[in-house]
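Lettered A, B, C and D in written order, each chain numbered from 1.
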């Protein structure tokens, strides 16, 4: 149950304070050029210590490929890779061995498995997403060759909301600031909000918006595996995510059909739609318009404050977590959202090959 | 790509105007008592023509089991079943053979497959959900034996919103009215709204809320297949769904962690939480509290109005659909939401057996 | 666990004396012309009562397609089909309800599932292979378009052995006699042997040889899913099969490498091999030469003789089966072997599309 | 396509001359004690250089676990492991870059993927089986706790045949000699045969027999995934395997049903059979008797002799392989056969949990 995808399949492994985090990509076609620096660049966007608003843990997060690549190209065989764990302060967690941190997975893992690695959250740590970002970088390379681009950005932090739609923004500005919001003015307010939360030993949630352009019409599956259902599944599998909507989403439920329907119009290079409430997907299959979606992240559960909880004997205790933690996960989650979207899209790109003569 | 689940696996088949709709359940354990009337009762909740606010098509939707059940009990072998199509007015669709209905799947199916069954939407018709409801009824029987109950209700229609949380409602009232909203006063307003939309030849969307009680702690999977990710995937795979959120959802993104965290407290029969922003799931695994979620449905695309669109030659045309259609899908979608939730939960119930000694 | 294949996936259902036998093919590409008569012709080769050396049960075995085909072509959606059970004499089995027939699956099914449908072997009946033959007929159509042909024939019945290799035979003669052996003289001896066994109320086993020609180099998978491993898996999943070998097989284990190796030679249209001990597969992947294999069938377990056994209370009893049974399964198993080979080959044909640019 | 199993799933990676060989076990239940020395001991049985009749390459083959184990027990999370490649003489293969070695996978890999890692056979090298042996050691631990033991031994080398059945042998003697044949006298003859072949720069094939004892009745699946079909699939996926038979196998096809049938008899602790032509499996499901099977291995393709072949330009060339190679793979394949059998059996053990109340 640690595998994602059907054709392009990623299986991940690793605990936060074990030997390392990594994965195997099975089903990647042969002959794809893999640029390790490009993979590393995506990991750099995810890694801790990248700015004043992220955790100050310094993890080099250097990826090492173990198989499946020869003379710079994929062989068609499994691509294994690992990022070794360094700078893990496991003793920070000694006090938490028999205690359940509020809104973390300590309690549920113990109920599921009967035992757990308590250090840094073990397998439940978001450090596992390293493997997704690495694999997503390869998926993205393949999508770019097909003209498909994926872009995500922070559109809400706590109650600071970016009011503009993605069409009104210059998405190339996303990486120009540390919060990864393409609107500079809103970005400033978000950063201030996060700094304030950090000073209060509190944490913030928010929303990330994703935009996929250039998808040909015809990708997706009609019933259970609708393209948006797989995107939603991918996003909801990211740590701290509480919701997903695409196209008109929850807001669109208030519109009547006469306004919501996207009318087809003749386009120069084929059929287009006049509006895009469908979010580029109709009946689970891409229609060639932009795909866009929103992902809700809860505030991080680790507070550097004293909190009441219980221990494994069902006794009340208080905890005060140590260590270095993010006050807001959103900026570092942007490359994770992009990676998961890339994994979904590349899988459907490959599946659609089977329908083609 | 028409299979749902890993252990308890449903594969569905059928086009709207083909011979029938049905499926195979593979992986259902042996010895489960199957009451055909109970399955039929769930299908009756889904079927057209059940009230003045649904389509007036009269489809008997009688389920016939073909295998896997002997002397009233499951054999452990595949359970095949079919609901024969009757009362299909295929000629209603003759004019639509080469035309793409707005916000339907006509265009995308043709792009994916190169051909399509244009009658009644073919495979893209929500009639496919018959198979899900039938299978869900069996899943539900198994869950009830384990003390797990699933309940869904309509909590929004267009701009009519049920303001109360599920804890403030008497969920046993859901079936007491035709819109399936457990608050009688709000139900009245919803019904009026739907009647009005129907008269205007317009359609409405809305929200269905789901509540699962009695889940033991420990169900779910930690990484990609988080319990809420699978619930979200299941819901997003239902026709017309545009969004999914669980627990505190999108609203919770505005709360700081100091308020959002659910503190653990000693309970009489084990660990509990003081609040439930987590929606009963932490780290992707159930914690024993109620699981609750919301599902967004867009307004139905079929309007009995003239609309502009294009034909398969990329030429502008106008269409005026014939036939009998729902002005609002929500009341009939309640059993579908419950069925999909049941399929997810029973799969995780069975998977958790593997971890147990 | 009733699904075969990865891309072209067949899920079968049905008990011998239930409503019917059938299946769903999911993953069949769109636009394939399906000729129902061609499917029916394959079923006719499998069906009982076809000659004096098969069981005299008369089962029409008429296939009915329920979905996935429109105007004679596949839609890309699931193809469901059923063959209704007729002429079932369920009362023939009343005496066997609590008794385990020797070398049948009665005892093991009861141990696995805790209950069973005792009528005609229930799910363990070879009647289940109807679904495989029907699906195989469609797979075969697709393979033929790609120039791949599949041919099987009876090469041993009891101790009557066809000494010639497939290269020395005119395979077009296989259907010219009722035992399906392409060597007329050997066929006569096989038929006499089967007639004699039937008169003695005894049964016979034997061997079926399969030959696949026209496979392009490059089909298969390198590690677990080697092309021959999947062929072997497919054959060993047929009722009564006890062994599988391909290419030089068990005999080749006695040869030294200096003789066994197939030397590559330059061919007019690409690389060829001088001999074919490899059976057309090297490293699990086709090399363009003929693929050939042998499948061992045990003698059928149902004897019309009194035999000692035990009942479900572990008490000794004797049984004397009633009904109409084959003295030798081989002639009717030829189309089943071909169907399973077709399912394997079409799956690898489709998978290889993913590697192609 | 590099994953084996459904519940207990092994995904392997690695090329012969890449960074290493390894895998991820996903689905291993929590709380299993893993003894790294026991895993290492199995690898020692497989590794090169262990005796005068194996290749003299010295590969330490030390396994390193990267995840999934904490304080000596499995966590229920993915168990990743790697064996680093050392002592690889990649330059030995420089001459073979554009040449296809006879009866190797060089040609077919190039046809499948369009490119290949030519060094040491790349992914097609039997070095990949390291990962299977390591995972099999863990599977075996679990089976032993359930009373299931797996034993394999060499029963034929070239034309030297061990005539006794497994019941007549003292299987504890298997490890007492370097060829792994439990009959000391036959072992001597086999060893002499291999030494002679090595001196002639030739290679030998043979047969390995496997025996599984202690399996409870009820493991397996009825249709495609019959227990013996999965064992056969597992064995046919091992490098150089050409055939598989179980129970009475190919020989049994000559017996009439009246002799072949295994009569049930009342046993002290439940139902038994008087003979065991069924090889412990009936209808694809274990019946509690011993499971036994035979696996055919062709002679190794690498000869230290000059051989004719062609290059990638379809031109005739001759090759003379360098390096250190086994004259007979059988002794080192015994732990591989056992490992693959263990992977199959543990998967069915876990699956059967789902049927149990």
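Note that contacts are C-beta pairs under 8 Å (C-beta built on N, C-alpha and C of every residue); 3 or more make two chains touch, one makes a residue touch a chain.
Bear in mind the structure is a predicted one, so any value in this text is a computation, not a measurement.
A.B. asks: Strictly by the touch rule at the top, which chains does chain C share as contacts with chain D?
C.D. replies: A, B
A.B. asks: Same or different interface residues for chain A and chain B, judged by whether over half of the residue numbers are used by both?
C.D. replies: same
A.B. asks: Write down the chain pair with more C-beta contact pairs when B-D is set against A-D.
C.D. replies: More C-beta contacts join the chains of A-D.
A.B. asks: Taking each chain's centre as its mean C-alpha position, how far apart are chain B and chain D in Å?
C.D. replies: 46
A.B. asks: Return the distance between the CA-based centres of chain A and chain B, expressed in whole Å.
C.D. replies: The answer is 26 Å.
A.B. asks: Report the inter-centroid distance (CA atoms only) between chain A and chain D in whole Å.
C.D. replies: Measuring from centre to centre gives 40 Å for this pair.
A.B. asks: Can you pull out the residues of chain D that are in contact with at least two other chains?
C.D. replies: 1-3, 12, 27, 30-31, 76-77, 112-114, 123, 222, 355
A.B. asks: Report the residues of chain D in contact with chain B in the complex, numbered from low to high.
C.D. replies: Checking each residue of chain D against chain B gives 7, 27, 29-31, 76-77, 222, 350, 353-357.
A.B. asks: Could you list, by residue number, the parts of chain C that touch chain B in their complex?
C.D. replies: 1-3, 9, 11-15, 18-24, 26-27, 30-31, 64-68, 70, 73, 75-80, 82, 112-117, 122-123
A.B. asks: Could you please specify the touching residues of chain D with respect to chain C in the complex?
C.D. replies: Contacts found on chain D: 1-4, 12, 100, 102-105, 107-109, 111-114, 123-124, 128, 156, 158-159, 197, 202-207, 216-226, 228-230, 232-234, 236-237, 239, 242-250, 252-258, 260-267, 270-271, 273, 277-279, 281-288, 294, 296-303, 305, 307-310, 314-316, 351-352, 355.
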